[in-house]
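Common to both upcoming complexes is chain A, partnered first by chain B, then by chain C.
The block that comes next holds the complex of A and B.
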């Protein structure tokens, strides 16, 4: 575990402790299950965007992809499509969306910000148009319901929500890919110095495209999870701004927007911090209007502290090296 | 070069026009230009404050009136994202030369100046939420304070022995939301009735303790569904003795019910709500929720069209001296749920009809 992840874990424990101290119900099974559920949902988006951020890019279309997938799922069920088949088709669609982003960025050489900003607008518009902008409920599709939003009871009110299992599988695969495979190391190298990586023979374009495909795919998975969690889809609003929470989680979790840095575990804890804050604000009884201000402030504080720690560590290291030289 | 640019600009304008046109046709049933019709129909617009099943039901009333009354052609617009979208929709309507507009203002006080500009150019009425200081001709709505008190009455019936009550609402910037909330609080604390228009609003972050009932919290979610649900979850966590959850916007009670169900407290925590979401109606039928206050939204749509048509036909007698038409409200509990739901189904079918 690197130093950054330790820092964010500390922040998590601190807020956890404060909230618990102010309200003993905080740690009960029902609330913990909810916290785990929402944190998992946010972390899945965060891991997706982390891959893109590691390459030095950005994906602003996550929320709209979530909205599109959720809306199409409801629409397809309404039209009598086979739900399971639709799930696969929608996951395929999100892969294609990522592929298009990647190709536009690497082959046409458009900036990621522009490509995904247009994506944000385009997918949102398409969802609204296809659904006639109507709120849609999720009818009972028993199997999928418990698959995406079910729970495995542990003891008392403690249980493991479906999104957690999704997160575990995704996180293990992502961490393995990033840390234990050559492509993962290439990805980090590419983020640090793209030209350098290319000159050493790394196929940077392919890696970048892969990052965008992973990101959109995970957005698609989140779309299904969110839709089943809420049992309702609003084409204009479902998923709106979620990309910002995802990016916040990735950055707070140790990804640098300059690229080349990232840790999956850090992103998961950071997503948990963001959700924990919301939970904490409600439980401590802070005015509902202050929510965004507090979340923004804590993220800013976290990132600033992280930057300062890095600088101090770097300074010490230089001092040690200099001392060793002389 | 200039010629080329002109072509491009022309083509873009065409694409834009076609784009706008197709968007309109998705939202309206009017169809056809006025010129194609020998007897010109009044073109009027019905503008909501957002997207919600509630507004679909209002749209049903608009369609019903359009068919029954004749002589009007109606557009219905749902601003997807708050104030800015609502404003630009109104501006576009004015640019199109619309003859009359019925709007549900999102922020009555802040929008007054703009609404006056609108009123200067077309016949403007408000529905659902009023902008009392603006030059609107008439307001079609429910006395939301009275409706709030009626909701408080339902809470009293649901938990006659008293207890802790938490309120959930989309946002409190809207006058109707504040009035509803105040109605619930005043009723539960047995305060005397206040007159609409001079209501004193209580602060948000405060606990109100009455003889039997305590209002422990009011949480807003800004129309974000996951926030609506997690607010409900957090309240269940925080207040162990919570006796009743009150949802002031249509989607709030179903989110409360989801949270209660997952906490295994169905029936233990009562739910009272506003509006007529199917999930809430089903819960009332099943005994999981106590009741709801319905404003019978289709009446808003119907009355708005009737009023605008009357005004445009030059019949001033349609506007009452008070400039307020109260469409009333209906308390729905297990007693009258079947009859009410049947009516709602009828209107839903009508609202969904696209022709």
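The block that comes next holds the complex of A and C.
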């Protein structure tokens, strides 16, 4: 585990401890289950965008893709489509969305910010139009319900929610891909120095496209999870701003927007920190109006600390190298 | 005619960069109205020295005196205030602005923030006259040739009342005529009492122009030559620290089979120019020419990073048509690029990760990295290439230029190439590593690899090439076998004169 991940883990434990000490309701089974559930959902989005951020890019469309997938799922069921088939179609759709982002960014050479900002607007608009901007309830679809939003009871009121299992599978695969495969290594190399990677025979365009595909795909998965969790979808709001939580989790978790850096475990803990903060602010008795301000400050503090530590390490390294020389 | 008190006196200057001691205990003096040339091989510390004078870097130790008074030069602005102007090798003009605006850029006369346009245009005209540039002051800089742009840079220096003008490789992209023009201007400035520090690899120019020559080697003073002492051989001897014959002792062996065959190849930057030549197994071929002659672009087309737009290439008889560097690498063609930090390495990654970067694909097991094989490859390469690093996990950023280049070459040797392309292989590298890289080129050639290198350093081409191709404006203007290689012959061809048949 790297220093950054340790730091963020420490932050998590600190906030957890303070909240626990100040409100006895915090540690009850129901609240814990909720915390695990929402942290998992945030983490899945965060892992997706981490891949894009590692390439030095950004994806602002995550929240809208979540909204689109959730809306289309509700719409399809209402129209009497086979729910399981729809799930596969929607996952396919999110792959295609990622592919289009990737192609526009690598082949047409548009900036990731612009492409995905347009995506953010476009998918949201389409969702609202297709659903007539009507809030839709999720009808009971046997099987899928418990698959996406089920629980495995452990003890008392505490249970393990479905999204946690999704997260575990996704995180293991993602960490394996990033750390053990040649493509993960290539991704880190291209994030650090795209030209250098290209000159070493790495097909940088393909890898970048892959990163956007992964990101949109995980947004699609999140869309289904959120929809089933909320049991309804509001086309104008479901998933709104979630891309910002995802990006915040990735950045706090150790991804540099300059690219080339990222640790999956760090992103998961960071997602948990963000979720925990929202929970704590409520329970500790701070005005909920301050919620965003506090989350913003914590993230800013986290990345500042990270940057300062990095600078000290770099300085020490330079001094060592020079000392070894003379 | 040295004054009692020199205009500029630099004493015991030292400067460290991460992993590199760029300057150590360097002394330098400069008198009014004098042309002092600063020569030395790539990486000798010339540019660092000049950047210190121009306020780009601050020295770690030593003193700088102007007119006998110690000064601190903490920023470019302060350097300007002291009357020191640096004209970079790559010009720092804004293409989208006109001549006058460029001359006053950053120093615009104004009234309460409103530009005093009248003064800008009137005064600019005066400066243009002094450098003999006959253009309206509202001409866009983008419309000028590089030679003329350089004169705008000099005008800019005059506009801040520079007493010392430093020129870093000013002729590296100029035609012969433009260079001649520049020399006139330099003599003129000299007669106006301005002191010039002239940095160049072209020893011929240095001989013509200089009152005095200071030689740097590996960041230290290597010696000084005055007047008649300034000869080509004397300078080279000081630059390399021994007789040239000992430094470059390439003994060409008869070339083997043709490895690379270019037939009317056209590159995207010079799409109308056709290039044809061969490189044989065991041969070391140099490509000389001015900066901007299309040499780098040629290598990049052979390597597939900027694919050729016409013509054919063959590698050992088989058609080679790389559309990406991966195609070239798979065929056995590798490139150690000119810009090591941008193209050659992933600086933030370790020595191990850089060495294995190209080989990973070959050693993968269903996509998984063979970590043990990777570590072994890294260790082997470090030993074989004599990379000076504390361990394989060191971040390459912290290595010296020479060791970084060895990592780049190590990465490629792991691929067992048939054709090794090198673009400025020893730029920014200390003498020791330099010699190691030359030995390596020779060893590779001896083992049957074809080596094709581009170099702006005359001594390198003269010393290492079995055969030199000279390029000018995208075309090959001549080919010189080893026994006909000379600075004069290369410069003739490099500035566009066709080879005498």
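In this section, the second predicted complex is superposed on the first by the 326 of 326 C-alpha atoms of A that agree within 3 Å, B and C clash if a C-alpha of one lies under 4 Å from a C-alpha of the other, contacts with A are read in each partner's own complex, and residues count from 1 in each chain.
By our rule, a residue touches a chain if its C-beta (ideal position, glycine included) is under 8 Å from a C-beta of that chain, and two chains touch if they have at least 3 such contacts.
Since the structure is predicted, the reported quantities are computational estimates derived from the model, not experimental observations.
In the three-chain model built by superposing on chain A, chain B and chain C fit together without any clash. Considering which of chain B and chain C touches more of chain A, the answer is B.
Of the two partner chains placed by the overlay, neither chain B nor chain C lies in contact with A:79. Of the two partner chains placed by superposition, only chain C is touched by A:200; chain B is not. In the superposition on chain A, contact is made by A:192 with chain C only, not with chain B. Angle at chain A (Cα centre) between the Cα centres of chain B and chain C in the superposed arrangement: 130°, in steps of 10.
By the touch criterion defined above, A:23 lies against chain B but remains apart from chain C after alignment on the C-alpha atoms of chain A. Contact with chain C, but none with chain B, is seen for A:318 once the two complexes are overlaid on the shared chain. Contact with chain C, but none with chain B, is seen for A:260 once the two complexes are overlaid on the shared chain.
Once the two complexes are overlaid on the shared chain, A:182 sits against chain C while remaining clear of chain B.
Overlay on chain A (Cα): least separation between chain B and chain C is 25 Å. Within chain A, not a single residue is touched by chain B in the first complex and by chain C in the second. On the chain A side of its complex with chain C, the touching residues are 180-183, 185-186, 188-189, 192-193, 195-203, 260, 317-318, 321-322, 324-326. Note for the complex: chain A touches chain B at residues 23, 25-26, 28, 30-31, 34, 38, 41, 128-129, 132-135, 137, 151, 157, 226, 229-232, 234-238, 240, 278-279, 282-283, 285-289. Residues 16, 18-19, 21, 303, 305, 324-326, 328-330, 335, 337, 342-349, 353, 357-358, 360-361, 364, 367-369, 390, 395, 398, 411 of chain C are the ones that touch chain A when the two sit in their complex.
Interface residues of chain B facing chain A in the complex, by the touch rule stated above, are 26, 51-53, 56, 78, 80-81, 204-205, 217-220, 223-227, 229-231, 233-238, 240, 251, 254-255, 258, 262-264, 278-279, 354.
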